[in-house]
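Note that subunit A is present in both complexes that follow, paired respectively with subunit B and with subunit C.
And then the complex of A and B:
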């Protein structure tokens, strides 16, 4: 078992009331699984992904990653957790506009202090995998939406994460590019990486090994939708 | 949406240029403010009869008058000028003896004869006004032997150095001063005069001649300093605003850093800013040197200005980073 969530609660306190986003979420994710998290906008899909990736803390419950409890108290440990285990893809690609494709993809490696030639080798290898080896020196604004998302995937995978979290990865793409990205994610799963993607698109979710539905802050099984 | 930006190929965002420009403006302004205040302080010191920083002042006891003809026979005053420094005389300095080589006048005008003849002669600054080779000080007429070359030290250009040619009968009620281009020559001359006076039963006493006190300086130029402080505050606020604006433009990059487990995000931003600050400061100083280098103590002013600029920029950065909400905060 790669991930175990047990009674995860997440809420935000406003001046007048408490906004409950996740209300006791239980979830188990196997290694090498492609799981879709579905739900309406604002239901807590992204928050769940943020918790899985150690981007935000929890108010209650336990998160175990490979059997070990994730320590949400230490920012340093969370940063280390993300650096070593997690890859992220987001809907708006989150590429740095003033950096080239090469520099964007290299970014996760810079936090690891690898030698330059090793980094270069890894960047070219991953760009080759996503079919962008000829766009190395281009800037994000010179690429199409689909190509930008492929750069984001390359960046998310360059440090060989065990868990790839994709928040609406196809949300801003046309059908053809949606298909390309989805196939790419399936390929990633075949190589042993676990992928959790948040989507509101039932067709995308249907292509995944499994899907879960979030409603009223709780996870619901597929048959209960 | 793609915004056309010709500077994008240089791999920095426009707001990076903005903070750079603000840093350069700050550096140039501060250099000029420091230069202006420093020049004012120098002029004030001249008006308070403090010749320059190197000059050594001393008093002689106990006689009211001394015969200093011993200066003629021995090599006592070398590469230096011995002055009588009367309080309240403004920019007028009575020269007792000058060695004539590499001293403050470069030995061009006074001759040994001038110090013993009893004639009144004078050497004037490059912009001192005088009439038909005559200059009048306290109603006395002095023959102008020559005018000094224009000095970068503006106050020197308005000074008058005169001699009464009375080496045998020098009053000791005033303070003596030894001036030279070189501190080493001043020290040697002081030692030799001290020994010569001691041999003659007199005592030389080095005094810490009063310079313009900073409190007096601030008091005297209060309005100007308030005005310049206002400019400084505006520059400070400009820096804070530009850094806040720059940090807002860094949100995307910060987010990516945060996603991929970078630690010390604010520190990274700070270091990125410091890189821009160093480049901008060097450009600012280069501009200052290019346009305002006609200054006697340009290196001193640049050092002081750089320190003030760095302090101001770092304080602005600290304030901006404190109010900036980073990813993961």
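And then the complex of A and C:
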């Protein structure tokens, strides 16, 4: 078992009231699985992915990664957890506009003490895998939406994460590019990486190994939808 | 560390116009606060310079504030001489302190045969000009005189400093009385002794008038008086009486001589156990009574009136200090606002860094690096400009080390604010598209 969530609660306190986003989420994810998390906008899909990736803390519950409890109290340990195990892709690609494709893809390697030539080798290798080796010195605004998402995937995979978290990765793309990205994600899963994908598109979810549905802050089993 | 530095550079480059603006403001405010601190320090340095405690008694230098316009204005006052004379009487008769008339002013001796060491500005090294000074006499002929160092003293000075004579006699009461067309007495320091004798007559030019002087005696070697906060050895000095004038001036030239003489008599030293501010208050009262504006000042008093600014020194110092603090606060606030804007506009960028393995501490270092960069450039630029301002207006920069004081104060608030703001901000909101 790669991931075990047990009674995860997450809420935000506004000035007037408390907004409960996740209200006791229980979830198990196997290694090498392609899992879709479905739900309406604002139901907490992104928040769940951010918790899985150690980007945001929890208010209650236990998160176990490979059987070990994730320590949300230590920001240093969380950063280390993200650095070693997690890759992220999001709907708007989250590329830094002022950096080239090369610099964007290299970003996760910067936090690691790798020699420059090793980093360069890894960047070219991953860009070759996503078919963008000829766009190395381009800026994101010079690329199409599909190409930008491929850059984002390259960046998310460059450090060989065990868990790839994709938040609406095809939301901004046309059908052709949706298909390309989905195939890429399937390829990633074949190579042993676990992918958790948040989407509100039933067709995309249908392409995944499994899917879960978030409603009223809880995970619902597929048969209960 | 390299990746942090590279991200600091990247963050500075983003919205560089904003960074540039803040750096410019930083340079201006750092230089102004540095300048203000130096001006403040300089004011108190002056205070220390003219305040001296000797054998349990405070010695404060006093002087007039007739500078520029106020000098011209007072010079045109028909009662200027009488006002100064009355002021002098009140100072000498004041029960609260002892007033010592002592004034350092060179005199000119015809056919001087003494040492060069006695010449005016010998110690400063530029005494050559004092050696042969051409002065036109009353009948129009040009005569060669030599300028020598001289202390002019009132009748109580010799007793007060317990000055002893090695030969001849000290001034008597009548020697302090100005008598037109009559020789005056002069006392000389030890270094004159081998070239002059008691009873010798010397031709002097003092206060633009020729006067014959008889040498009354020589001071003991090592005689000292306290002047402007320092003990002055009198071995190389001539001593003249600061005359009391009972008669009224008959001619314009006589009125001028008397006026100058009283300007000298009134720039003396107060010996007292009172504080400088208390003495200044007494002098304010005397000057108000006699309508002497601006009032005489007391060295070391912070309530003295500045001739330049026309207000109390205490007020000026408070204004300078307030301005310095105000400038610092202003820069501090501007930098905090700048950091606030930067954190808000960089929110997504920070979120991207976080999701790509950077830690919160890395982000704090990036923000702190940016603040330190702004502060460093402002400090370097500000110190150059500040030192320039100091040399321009104060003549020197007292303490260059003070440049780090504004820099430190400017940095503290933005750094604390930035860290708090960053820790409180949920950067994940920048990654949501829901």
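Keep in mind that, in the parts below, the second predicted complex is superposed on the first by the 225 of 225 C-alpha atoms of A that agree within 3 Å, B and C clash if a C-alpha of one lies under 4 Å from a C-alpha of the other, contacts with A are read in each partner's own complex, and residues count from 1 in each chain.
Keep in mind that, in the parts below, contacts are C-beta pairs under 8 Å (C-beta built on N, C-alpha and C of every residue); 3 or more make two chains touch, one makes a residue touch a chain.
The model shown is predicted, which means the values in this text are computed figures rather than measured ones.
J.: Put subunit B and subunit C onto subunit A via the superposition and say whether they clash or fit.
T.: Superposition result for subunit B and subunit C: clash.
J.: Touch test for A:168: subunit B only (first), subunit C only (second), both, or neither?
T.: Touch status of A:168: second partner only.
J.: Looking at the overlay, does A:42 come into contact with subunit B only (first), subunit C only (second), both, or neither?
T.: The second partner, subunit C, only.
J.: Per the contact definition in the header, classify A:19: touching subunit B only (first), subunit C only (second), both, or neither.
T.: neither
J.: One more residue to check, A:141. First (subunit B), second (subunit C), both or neither?
T.: Only subunit B is touched by A:141; subunit C is not.
J.: Given the touch rule stated above, what does A:202 touch, subunit B (first), subunit C (second), both, or neither?
T.: neither
J.: Which holds for A:76: it touches subunit B only (first), subunit C only (second), both, or neither?
T.: Both partners, subunit B and subunit C.
J.: Per the overlay, which chain contacts more subunit A residues, subunit B or subunit C?
T.: With both complexes superposed on chain A, more residues of subunit A are touched by C.
J.: Quick check for you: in the superposed arrangement, does A:91 touch first (subunit B), second (subunit C), both or neither?
T.: In the superposition, A:91 contacts subunit C only.
J.: Which of 60-68, 114-122 or 276-284 in subunit C clashes with subunit B after superposition?
T.: After superposing on chain A, the stretch of subunit C hitting subunit B is 114-122.
J.: Residues of subunit A that sit at the subunit B interface in one complex and at the subunit C interface in the other, please.
T.: 53, 55, 75-76, 79-80, 82-83, 86, 88, 90, 94-96, 98-99, 107-108, 111, 155, 159
J.: So in the complex, the part of subunit A that touches subunit B is made up of which residues?
T.: For this pair, the touching residues of subunit A are 53, 55, 75-76, 79-84, 86, 88, 90, 94-100, 107-108, 111, 139, 141, 155, 159.
J.: Once bound in the complex, which stretches of subunit C touch subunit A?
T.: Result: residues 2-3, 6-7, 10, 13-14, 348-349, 351-362, 426-428, 431-434 of subunit C touch subunit A.
J.: Which residues of subunit B touch subunit A once you look at their complex with the stated criterion?
T.: Listed in rising order, the residues are 2, 8, 11-13, 252-253, 255-263, 328.
J.: If we count contacts the way the header does, which residues on subunit A are in touch with subunit C in the complex?
T.: 41-42, 45-47, 50, 53, 55-56, 75-76, 78-80, 82-83, 86, 88, 90-92, 94-96, 98-99, 107-108, 110-112, 155, 159, 167-168, 171
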